[in-house]
Structure formats: C-alpha cells, structure tokens
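Structures follow.
Next come two complexes, and both contain chain A; in the first it sits with chain B, in the second with chain C.
Presenting the complex of A and B:
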C-alpha cells in the first residue's frame, strides 16, 4: 500500500506528460518541453553529486558538453548512426567524469569548486583549439537527424523527439532512484553528512566520490548527445557560465537532495524563461530574474521550493 | 632569440601584474571571510564601465573616471557582502552557498551592464601616452604603469594587514571569529572592510585594464578564471604566496604562448594546474590551509 502511495505523484505526472502532445500540437511548445526534459536530466543528475553526496561539483555541464560533442563528431564526421551516437555520449561523459574525479577525490572545500570549474574550462579550451575537429568557436552544424526505418523525426511537429526525450528522462529518473535507494546511495548521504563517521564505518570517501561523479555523468552525457542530434548543432556555449547558472538554479530552486524537485524546477524554469523572453525588453533581463530567484530561494527556502509544498501533500505520498 | 625571450618575459610580467592584483583581492576576502567571490571579475567590469561613462561620456577626465570606477566597485562589493554573503554566516554550507550567490551576482552584474551600456565595444584612453623600452622590449607606458603599480599596491595591502589596527583586525577575524569579537573587534565591520577593499582593488584593476583591452560585459571572466588558476597554484591562504604564484603563472603563460601558440596555451595551463593538484592538493606554495 505504501509503495503505491510513494509512486502515485510521479506516475501521475508521467501520464500527464505522455498525453501532452495529444493536446499540444504547436511545434514550439513541444520544443520547450523537449528542452525542459533535457535540462531536467542535467539538473537531476547533477543533484546526485551535489545534493546527495555533497560534492561541490561545478563541472557537471562539462559532462553534458562532452556528450554533446561526442555525438556530434560521431554522427557527422564518422557517419555513426545518430541513435548510437546519442548513446556514445554516455560512456564518453563517464570517462571525462573519471578523469575529473581523480584529482577531485582528494581535495576539500573551495578547491573542489575551483578544480571542477577549471575542468570545464579545460574542456572548452580543448574544443576551441581543435577547430578542425570541433568547428572551434562556430561549433558544428547540420548534424544528421534521427530516423527510425523510413520515418524521419523531422516530421509530425517533433512528436518523435518529444517521446525520445521523455523516455530518456524516465529511464534517467529510474536510474537515479535506484542509485539513491541502494546501500551505495545511503553511503553517499553518509559521506555528505559526516565524512569522518562514514570513513570510520568503513566507507571509502574517495571511492564513493569518484563513483557518484561517474554515475551522474552517464545520463548527462546521453542527454548531451540527444541535445546535439535534436538541435543538429553543437556549440561551445554549453560550457559557459550561462548554461551552468541556469542548471544550477534548477537544482537549487527544485531542492538539492530531492529526486523530483530539480525535474519539476527544470520544466517550470524552462517555460518561465521562455515566457520572459517573449516580453519585450526582457530578453537579457530574464537571466537577472533567474539569478534573483536563485538567491531568494537560498535565503528563504534552502530546501528548495518543492519542500514548501510538502506539508500540503499527505504523508503517504511524500517522497524524498 | 634573446630579444624574443625578453619581450616574452616582459609581457609575462604585464600578465603577472594583472593576475596578482586580481588574485590578491580574492585572497583578502578568502582569508577574512572564508568566501570565494565569483563576482570578483564582474566588479572589475563594473568599474571599467563606470570609468568610461564618467571620463568619456561625461567628459570629466580619466583620473576622475578611474576614481569613480574604483569607488563604485567598492560600493557594489559592500552591497554584495551585505545582501548575498552576510545572511549565510554560520551556515553549515556557507562556502557552497556563497559560491552560488556570488555566481548569481556575477550574472546579475553582467546582464545589467549589457542592458545599461549595450554590446558595443568601448575603450578608455591611456593614462600615460607613449611607449617604454625595457631591455629592448617595448611596451606601452600604460602597461608599464600597471607593472609598477602592482607591487606597490601589494606591499601596501600587506603592510595594511600587518601594521594597521584595522588590517590586523581583519586577520584576527580570519583566524578566529569568536575570539576576535571577544576582544572587541567589530566582526561585521571587518567583513565589510575586507569585501570593500577587495572590490576596490578589482575596480582599480578593471579601470586600468579598460585602456588595454576592450570594455565588455564579460571582460571580467577571463581574468577571473586565470586568477582561479593562480589561487590553485598558490593556495588562497597567504597574500605573498598568491602574489608570487600570479607572477609565475603570468610568465609561464607568456612562455607557453611563445612556444605553443595562442590556441594551445589555455589548455596547457589548465592541464598543468590539474597535474599540480594531483600531487600538491594545497597548491605549490600553499603549505597549509
């Protein structure tokens, strides 16, 4: 009975999202949903290392960028099937995460922030300097699109892309939930809440950190691959401050350390920023609005906005 | 060959001076408050824009402009401290939270600058015209001024923190807040002073840089990222180590540009930094944290 209760809300949300394309036929609205799903994957996986394990990881978007460029190069330069190219983003990002985690696992506090951040810059500089492979500052364009047999995904107002993105989000969320609920996930919380105690109980802090960074990179990389194939562009912008702060605000506003918070926030914020972009004179100001919202949430509701609604949800339905 | 090397070293010295000014500001805030200010580069940019408005648009002269820029950066810095850093003192996650709030401050400042001043490139005139030759390597007099000014400012800050009562109170607060407040030091005032001083330093650097580089809303991010490399090399704990690391990085960067070219240099720098961290987690000069 309790299990049923725990899954009611997420499943209900999924059913609603699955029926959205029946109601919404506008290509642009569907596009917003697809982008929201991608951000939801980024934010919820970032939360795995930042919220659940307490690693000050500011290089999460690097995994996304690595996945994005891996898929773009595989599909365009080497003619790999776009489906396979998307999936290749996962292992490529995991390798990048492992490379980053090696120095980070031994560091503490602010140095973790600095190194993970610098790692993202390193990746961006590599992309910029290898312009014959990556297109440099211009990025890559006209990347092959998805097909299924004879069916081109460019048809039907993005219907196909919508369900692929939603499917990716569902698989990624189930994966995160499995990780969190496993004994490994509990040891992550121990590392976050009391490093010394965790170590005293035989948890290898460095190893858990490396593992969680690698795990959080997998679906982020796949999402990056999908992003390139879907938009048919790969650009170094994904490594920049802008994308980083948008994804970070989703984690914070949704609630670090929750499972569904960042997903809800990603969908809400994608639509909110897009709505603000439609208002004349607010094209740039919307980033200010998001930054202010982020500060207010940190100040007033450190657990994330979703937590504020928690008392309204019956206890049986609560899911952390 | 020797000429090229000297020219490279001199340009490394210019870079090193810029990084030293940036990184020492970060270090002052870090040693006093335990906060890493991500908006430090944006403060530099604010000052450059204000200096441009005052001296070019209003025509009040460059010196007035630089002073106005520096003051406005200090003011914005104090506001950031009050609104975005102070509410989180004593929080268990203060370090992480203030990284996020100052990152948000950076976005707010950059986007506001874009809205206020637009995307058109601007530049300040030089404080001193003409060129200066150092061992046969020519640089502009303005850059030479930066090179000369940097060590003077660094020594001034160092003497301030060692000798003056206010400066010593900053260090006391950095070492132990409770004890500092017990012996009558106004801790919150010390925090505001540290932030204001650091921001003023960023402001002065930005106003001077506005004559060398173009003034854009994102002009602060590249120096900030370089300053981050510097503090990783030198550690954040001591002003001397930070400043030393800044010059080392500046010269390494100039040599790398000569040797590898402009494209590969940032990559090589970051790679070098990560390698250093694997073996010396507290930086090359950073003994303890």
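Presenting the complex of A and C:
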C-alpha cells in the first residue's frame, strides 16, 4: 500500500504528460516539451553523480555532446539506422565517462571541477579540430530522421518525437530509481557524506565514483543521440557554457539528491526561459534571470524547491 | 600462547616535522580486548588511522593482520579482510537510516546480497539492542548513543575478525556507558577480538584484558591493566607531569 502511495505522484504526472499532445496541438509547444524532456534526462542523470555521490562533475554535458555526435556521425556518415544511432550515444558516452573518471576518481573538491571542465573543453576542441568528421564549427546538418515503417516523424507535428522523448525520460527515470534504491545507490550517499566511514565499511570510494560517472553518462548519451536525430543537427554548442549552466540550474533548483526535483525543474525552466525570451529586453538576459534564481534557491532553500513543497504532500506519497 | 591476530612492527607517522606516532610495536591476541589509553594528542587515534589506512597510512613500519602484511593495502580492502574500525567523532550517513547504513556494510564489507544482507542487518541491530522502532529514522535524527550503536553494528554486520573502537564512550551518560560495557563484554564472549581506545578509564579497566598506554606517540607501558595504571610514568603522564 505504501509502495503504491509512493508512486502515485510520479504516475499521475506521467499520465498528464501522456495526454498533453491530445490537448496541445501546436508544434512549437510540443517542441518545448521535447526539449524539456531532453533536459530532464540530462539533469536527472547529472544528479546521480553530483547530487547522490557528491562529485563536482562539470563535464556532464560532454557525455551529451559525445552522444550527440556519435548518433550524428553514425546516422549520416555511416548510414546507421537513426533508431540504432540514438542508442549508440549511450555506450559512446559511457566510454567517454570512463576516460574522464579515471583521473577524477582520486581527486577532491575544486580539482574535480577543473579536470571535468577541462575534459569538456578538450572534447569540444576535438570536435572543432576534426572538421572532416564532425563538420567543425559549422556542425553537422540534415541528419537522417526517424521512421517507423512507413510512418515519418517529420510530418506529424512532432507527435512521434514527443512520445519517444517521453519514453526515454521514463526509462531513464526508472533506471535512476533502480540505481538509487539499490545497495550501490546507498553506497553513493555513504561516499558523498563520509568517505572515510564508507571506506572503513569496505566501499571502494574511487570505484564507486568511476561507476556512477559511467552510469550517469548512459542515458545522457542516449539523450544526446536523440537530440541530434530530432533536430537533425549536431553542433559544438552542446559543449558550451550556456547549456551547462542551464542544466546545472535545473539540478540545483529542483533539488540535488532528489529523484524528481531536476525533472520538474527541467520542465519548468525550459518553459520559463522560453517565456522570458518573449519579454522585450530579456531576450539575451534570460539566462541571467535563471542564474539569479539558482543563487536565490541555493541561499534560501539549499535542498531545492521540491523539498520546500514536501511538507504539503502526505507522508505516504513522498519520495526521498 | 595464542597467536597474535594483529601486530605492528615499529610503525611511525610523521606530519612534516611532527612525529605523531614513533616506533610503536605491539600485538593483539585473538579473542582478547586490548585497551589503549593515553592523554589527548598522544597518538591513539593516529595509530588507528595508520593501521587501517583511513585516512592515511604509515610513514614507516609494518602492520600485519591475520597473517598478511596490510600497511600498503587500500583502506576498503583492509576492512574487507576483517579489520573494522569506528571513529572518535560521530561518523554517520545522515541521509541513510539504520537499515540502509547496515545494508551498505553488509553488501560491501560482508559480501552479502538481497534477503541475506537484510536478515544479517536485522540480527546485528538486535544484537546491539538498537530500538526496532528507530530503524527507519534517518541517521541525522538519531541520539548520540544510537549513533554509537549504529557505528558498532555497521562494523559487526560483516563479522570482522578484529573490531577497533575509538572512544566509543565519549559523549555518553553513565547508564549508556554501563550498557556499552555490557555490550563489549557480550561481543567479546561471542569470540570477537576488540581493540579499544578509551578515555573513560573505568570502562577501559573493566573490559580490557591487556592495556597499552601511549604518550607523545610512544609506548609508555603495556601489560596487565591494573599494573599498568599504577606505573609512575603513566600516573605522571595522566596528571600532566613534566616530560623527561
């Protein structure tokens, strides 16, 4: 009964989101939802390493970028089916995460930030310099789109892409939930809160860090792959600071260490930034507004906005 | 004579010019409670740290445990081998409850999975008499005594060969110390070897079969507890006499 109660709110949210396209027919609004779902996958997986394991990983968008370019190159250059190309983003990002994790596993604090950020810049430079393969600063365009038999995803006002993105978000969230609820997930919190205590109880701190970075990269990479196939573009902008700071604000505003906080924040902030873009004078300054919101949340509600609403939710329905 | 399950050979630890532990050699026999006493700053906790590699290892010397030299091992590997410690300060996972805390130890230190890990965790929580109604409360909300119980239980769940306790009685009331005394005696009777650092001398003398006193990182005396505490050098160290 309690288990049923705990899943009530997420399932309700899913049912609502599943019915959105029935009500919302505007292609652009559906597009915003799709982008929100992609950001939700990025933020909630980032939260695995940042919120649950306490790794100041500033290279998370690199996994997204690697997934994005893997799918683009696979689908366009090598003619791989776009469905498969999307999935290839996962293992490619996991390999990138492993390469980044190796030097990070034994570092602490600011050094983790520096190395992971540098890794992202390195990946971007690699993309820019290998223009024969990646298109360089121009990126890659006209990437093959999704088809399902005779059904083309280009002519349905984004209905198909909406459900694929939502499906990816659901699978990614179930994956995160399984990880968090497992003994491995508990050990991540142990490592985050007391490395020495965890090591004294047989937990290899560096191994858990490597593993969580690799796990957090899988669905981020798949989301990157989907992003390229959906937009039919792969651009070095995905490695940029703007994308990084927006995704980070989703993790922090939603609540690092929660499961659904970053997802809710991703949906809210995607629509908020879009709404702000329509306000005269705020077109370019909207990210400053989001940054100020992030600072305010960190100062006033360090646990994230979701935790502020927790007392309003009956205990049986709560998720930690 | 029983074989030592744990012994050190001339272990030392330096921090720059400061030598926190100097040339300490001692052995712990299987099945005993071995007490370690000494004034603040005498190197007791540092000795625990370098023996377990948490957070640092020896500068020189050797640590042997269960027939193997372990001073170059990774800390988690030493714990998995059965040398488990607690900490002087409250160590806890604030966002995990007692069941989850023990699940981590049972999985990673005890090699247990699923129902077996849960069963073992419950048995150990019962053994340390951890209140059943408090097992789903987050660690951050537990009392000092409950946190101590949990720290000991999280070590016990992997059935260690040697349990190293660093001032378990600090911050406890007299009745709680009495409960702790009884618990340590029970654990020892069940066959557990215990290495105990303690400032509460009544507890230390009550449970220890042998005692070592450290001062300025060196061994001042070791042997029978009642004889050791009567040695003039030990009395001088505890009463703050001038060091010769």
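Simple rule for what comes next: the second predicted complex is superposed on the first by the 320 of 320 C-alpha atoms of A that agree within 3 Å, B and C clash if a C-alpha of one lies under 4 Å from a C-alpha of the other, contacts with A are read in each partner's own complex, and residues count from 1 in each chain.
The rule we apply is simple: contacts are C-beta pairs under 8 Å (C-beta built on N, C-alpha and C of every residue); 3 or more make two chains touch, one makes a residue touch a chain.
The structure presented is a predicted model; accordingly, all values stated were derived computationally and were not measured.
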Inset, instruction - Figure out whether A:248 sits in contact with chain B (first) or chain C (second), or with both, or with neither. - result: first
Inset, instruction - For A:205, select first, second, both or neither according to whether it touches chain B, chain C, the two together, or no partner. - result: second
Legend entry - Per-residue touch tally on chain A - higher for chain B or for chain C: B
Inset, instruction - Using the touch definition from the top, say if A:106 reaches chain B (first), chain C (second), both or neither. - result: first
Inset, instruction - For A:196, select first, second, both or neither according to whether it touches chain B, chain C, the two together, or no partner. - result: second
Inset, instruction - Once the structures are superposed on A, label A:291 by its partner contacts, choosing first (chain B), second (chain C), both or neither. - result: first
Inset, instruction - Using the touch definition from the top, say if A:186 reaches chain B (first), chain C (second), both or neither. - result: second
Inset, instruction - Considering only touches as defined above, state whether A:117 meets chain B (first), chain C (second), both or neither. - result: first
Legend entry - Overlap of the chain B and chain C footprints on chain A, listed as residue numbers: none
Legend entry - Residue ranges of chain C touching chain A (in the complex, touch as defined): 52-55, 74-76, 79-80, 84-87, 91-96, 100-101, 103-110, 117, 154-155, 158
Inset, instruction - Using the touch rule from the top, collect the residues of chain A that touch chain B in their complex. - result: 56, 58, 102-103, 106-111, 113-115, 117-119, 121-122, 125-126, 128-129, 241-242, 244-245, 248-249, 252, 284-285, 287-288, 290-292, 294-295, 298-299, 302
Legend entry - chain A partner contacts - residues on chain B that touch it in the complex: 30, 36, 83-84, 87-88, 95-97, 99-101, 103-108, 111-112, 114-115, 221, 225, 228-229, 231-232, 236, 263-264, 266-267, 270-271, 273-274, 277-278, 281-282, 289
Inset, instruction - Name, in rising order, each residue of chain A that touches chain C in their complex. - result: 183, 186-187, 189-190, 193-194, 196-205, 257, 320
